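Multiple structures are listed underneath, in structure tokens.
You will see chain A twice below: alongside chain B first, and alongside chain C after that.
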Partner chain A sequence: MSVLRNPWGKPRFLAVMTGGYIIWSVLPVLIAIGFAFNDGRSRTTWQGFSTRWFTGETGSVLHDPALRDALGHTLLLAVICVAVATPLGVALALGLQRWRGRGSGTVNGLMLLPLVTPEIVMGVALLLLFLQVFGGIGLGTDAQAIGQITFTLSYVVVIVRGRLVSIGPEFEEAAADLGAPRRDQFFRVLLPLLAPAIVASAAVAFATSIDDFVVTQYLSSDASTTTVSMLLYSSARGAPTPALNAIATVNLMITLLTLAFAYLVYRRFAGRDEATAVATLEV
Partner chain B sequence: MSGSRWTWRLVALPGVAWLSVFFLVAFYTVLAVAFGNQDTLSQPVPHWNPLDWNVGYVSEMLDNFWHGGPFWTVSLRTIQFVALAVLLSLLIGYPVAYFTAMHAGRWKGAILLALILPLWINYLMRMLAWINLLAPDGVGSDVLHSVGIEDLFLSIGLLDEPGGWLNGQPVTVILALLYGYIPFFILPLFVAIDRIDRRQIDAARDLGASPASAFFRVTLPLSWAGILAGAVLIALPMFGDYYTADLVSASTQTNMIGNQIDEFMRQGSEKVTGAALTLLLSTFLLALMFYYLRTTRRAGTAAEV
Partner chain C sequence: MDGEIHLEELCKKFDDFVAVDGIDLYMPPGEFFTLLGPSGCGKTTTLRMVAGFERPTSGRILLDGSDVARVPPHQRNVNTVFQSYALFPHLDVAKNVAFGLKYHKLSKDERAKRVGEALELVDMTEFARRKADQLSGGQQQRVALARALVLRPRVLLLDEPLGALDAQLRKNLQVELKALQAELGITFVFVTHDQAEALTMSDRIAVMNGGRVEQAASPKAIYEEPDTVFVADFLGVSNLLGAKAMGPDGGACAVQVGDRTLRAQQGATEARGEVKVMIRPERIVVEPHANEGEQRMPGMVERSVYLGGAYEVHIRVLGGELLKAMVPNDGGAFATALEPGAAVSLHLPSDALRVLIQTEPEEPDEDAVSMAAAEAAQPPR
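Then we have the complex of A and B:
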């Protein structure tokens, strides 16, 4: 029956197309990573292998102040973002999941809106907010962190709610039946069950923050608030050295390691299907 | 944990407050600025009270649209770019999603991983990769030259000069948008095709449908929701994109609405005009989304019946 099911004749054409697509989607990035290890100054002509653009004395990610500071600022924002968005999002997810009745639908819609709002609209809105309403905060690190938290919050809520749905209320009810006080029901039953989702959502928040560009750019103030993404935007068309490829590579490794870690944690405690769902944000 | 109704509202409160201030108030600020005024230094003077709203800037913008002014040109170009990028995403993405869902067999997990991977690679790094490749002495330019694609594009007028891929070429912007957003299109489509009950296709075949008609009359309609979801998912951010055109074209000849807004808001000092344009863009996208939600809801009810 599987032979009959295929309407395209042999699926070989489809297999070739899929293979071609995957090569097309990944190969350019692999080449860019390759040139991060170029021994010369070119990003287009291979001149031998070296790690000088990562750790060399001059102009490397490690020693060039502009590159090092951009990486540092990117990580600083990511840490703030995770530290605020995770607890805020977990609480909002719990509240939304348990709070039935008036208002919960509206709040749910409000929570989902940032996910479908084009980033430039959020960037403009937050820029005007910090210029016109919160002039005291102004543009810069605080504003950038607040902006990133505002849309990573929704990712955290979506992931944690997904897990809440799959846990169901049974475990807490059992604990209640066995006489556990409400505090224990929460801290000794629900929270441990939620832990993998909390770790995964923190990782997604971290990766989202690191790779964010528009909101971070709109809320930046001066050179000290430049992130890696902003650096890539501003110097990609100039005549930069492979150090730009090197910093992009470092950025990518941090993102992928964070997500791989989260995937493994989630899979260990919550099962493969749910973990895949989180990785694709299809929760 | 049962708890009173108020406990859970209290738990949700900080998050709700956060979103209210930094999303709702922020968006209201766009309204107040767009319907406000500007001072002598062209800095915005927001009008917070809707009764004081000054529709001047927004109606000027609308006027410009209706009478074929620069904003009309840019909007039309944006719609063309986005439509072409979405269409190409469908033509390339459907076979890939279909193969992965239906025929990948034991490779399914590995292919899925490869399909997810680009989602987690920084968008700007993916653009940087193409800038390296398409530079006049880049590997990609060489390949396009030697396989004859460069000559082909030159002869049909899609490329202005040999090696000039990154100099204000609409085709480069469209292909860059395609490259940037197609992974977000394929995944929901894959999920939709993967959920199709194979027995329905088998039933169609058993009842005498040819493979092609089984595909066009069963598989394709059943994956329609996924196509639509993927198209909306990539069209929304594409309409607000400015960095793709900036990076791979760097010319005002390929400006999209996003570029126009960016020029007003961040580079220039016409924030009121920028806010008015942002407002119009948001309204358009909101309408698009409502249309999408209505269609899917209708499709959902039809399927239940």
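Then we have the complex of A and C:
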């Protein structure tokens, strides 16, 4: 078959490849979600539909203390992470945007480092840091939160800076020109224009925190600091029940909903392409 | 009268790039003053310094006598209409216009009244509740104008405000802007690279090039009596002939062009040596080849461009230079007979010939200009 036979025809080969890839990548996730609703204890044999692993009396996400606590701890870390990383990241983004002197390029590069550093390297480094330098903090919730903030901060900075670049300096100049002092230039003009990026970056930080395993695992102390991802990892080889699938499903839903929310908020104000870039940043 | 600007020795350097190179300008109160020049000539940087967005490297900016060069923009009694309008997208039209009134001590009623008046002035009352991004370019331009004028500034700065509009709308707004300025009596400082726009609207034009002012004068003087080769070339179509000046000759200058000697009454008539002689196409009289004599040069038509009301005839004269002449399309047989190859005689009246001394080195090369343009478009902050 000649490729040149019909240059206007649809590239069927590419369509098949793409479709195949999508099925291959989504199928395991769908199967895992499916078995979260299994009526039996098996994670491989379908025994009818039920929501017992979500809300049942025993061993469900809602009633099993281990599962419930893991979900609670995951959400706690995510909330702390968002509450700290978002304002800090916005401030850093503003500072980096304004700073045009010597060294600004280096710092810009360094801001991106956590995004490309293998997480295992970051995890080990942070572990050593908390064990040997900041022994006072110790391992546990504080260390986990600090660890997560360290790299989610980069996402916030990248998203907010992207928006700052597309906003440009002239709205602030226009505000100054109309008589607004620095404070008002920020609160009356820049902040409202940045709002979608701030919301989106908070959502990405939230989702990143929930999904994180390596750093959170390294900096955990005891069972009370177990997150969902850690639980999934540790009990995968024990005696797993579909409750694990159920809690993974809950986790996944929270992540997806947060990112969808970020995408919608961002698209409302900025362009569709920019929003897609932001929403897929985390995934 | 308020709204008088003096720029004294004003300089602005961005790292190694000199954007504005020590300019002195006087902008009289209540006039429509235009800064005209090509991209990267420093006109926008000059305007931004007057607005307060750029801090001068040196020099003074006197606004009604007091130096404002170190005053931050929000404390200057000047307002700007931006090239992209910079309307706040999160606010509606009325709130955009009211934005700056917060910093004037006004009652709520007064504020509403001023907003209403400003919107009426630019004929945008019915759009008060629209968001900025729901407006067309021309409408945004009007709102930007209202937002600045509502504060009753002493000087209004306009940075190529018509640049983003289509030709027809541009023409209408040129007339409207000029009328508005005359009505309000506020000093307008207008930046443009469009020479036709500058000639139409301005009371006074400063032609800038390479960070310096080449000439500041009325549109008529700028067009008809350019001081420099750059000004002559930048405004309209000019014929610039290389010539040798041989000194004054009874109120005129004798110049040798090719093997002919002409008399030029305008410009640097005292000059001697290598000069440029300039004549506008509409001042060249194309005559039948038989006409010989004073102030005449033989030539051959290379092409004739039909412009509707006239023909622009390109004529190669003896000595190799190409001249453009306007021949009115008056229905006569002569104009239509100017086919390529036709031999003609050009009459260059001595009162239309202008001697220009070429002081500047040749125009900066392409790279330097485009670099300068890029710098001007994104001045480092």
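By definition in this document, the second predicted complex is superposed on the first by the 271 of 283 C-alpha atoms of A that agree within 3 Å, B and C clash if a C-alpha of one lies under 4 Å from a C-alpha of the other, contacts with A are read in each partner's own complex, and residues count from 1 in each chain.
Just so it is clear, a contact is a pair of C-beta atoms (placed from the backbone, for glycine too) under 8 Å apart; a residue touches a chain by one contact, two chains touch by 3 or more.
What you see is a predicted model; the values in this text were computed from it and never measured.
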Does the superposition put A:262 against chain B (first), chain C (second), both, or neither? neither
Quick check on the superposed pair: does A:70 touch chain B, chain C, both, or neither? Answer first, second, both or neither. neither
In the overlay, answer first, second, both or neither for which of chain B and chain C A:124 touches. first
Is A:181 contacted by the first partner chain B, the second partner chain C, both or neither? second
More residues of chain A are touched by which chain, chain B or chain C? B
With both complexes superposed on chain A, which partner does A:158 reach: first (chain B), second (chain C), both or neither? neither
On the A-aligned overlay, A:170 touches which partner chain: chain B = first, chain C = second, or both, or neither? second
With the two structures laid over each other on chain A, which partner does A:80 touch: chain B (first), chain C (second), both, or neither? neither
So, A:229: does it touch chain B (first), chain C (second), both, or neither? first
Going by the contact rule set out at the top, does A:193 touch chain B (first), chain C (second), both, or neither? second
Overlapping contact positions on chain A, where the chain C interface meets the chain B interface: 98, 100, 176, 185
Per the touch rule above, chain A residues touching chain C in the complex are 98, 100, 169-171, 173-181, 184-185, 188-189, 192-193
Given the complex, residues on chain A that touch chain B span 1, 4-9, 11, 13-15, 17-18, 21-22, 24-26, 28-29, 31-32, 35, 43-45, 88-89, 91-92, 94-96, 98-101, 103, 107, 110-111, 113-114, 116-129, 131-133, 146-147, 149-150, 153, 157, 172, 176, 182, 185-186, 190, 207, 210-211, 213-214, 217-218, 228-229, 232-233, 236-237, 244-245, 248, 251-252, 255-256, 259, 276, 279-282
Contacts from chain C onto chain A in the complex sit at residues 51-53, 72-75, 78-80, 82, 84, 86-90, 99-100, 102-104, 147-148, 151, 380-381
Could you please specify the touching residues of chain B with respect to chain A in the complex? 1-3, 5, 8-16, 18-20, 22-27, 29-30, 32-33, 44, 46, 92, 95-96, 98-100, 102-104, 111-112, 114-133, 135, 137-140, 166, 179, 182-183, 187-188, 191, 198, 201-202, 205, 210-212, 214-216, 219, 236-237, 239-243, 246-247, 250, 258, 261-262, 265-266, 271, 274-275, 278, 281-282, 285, 289
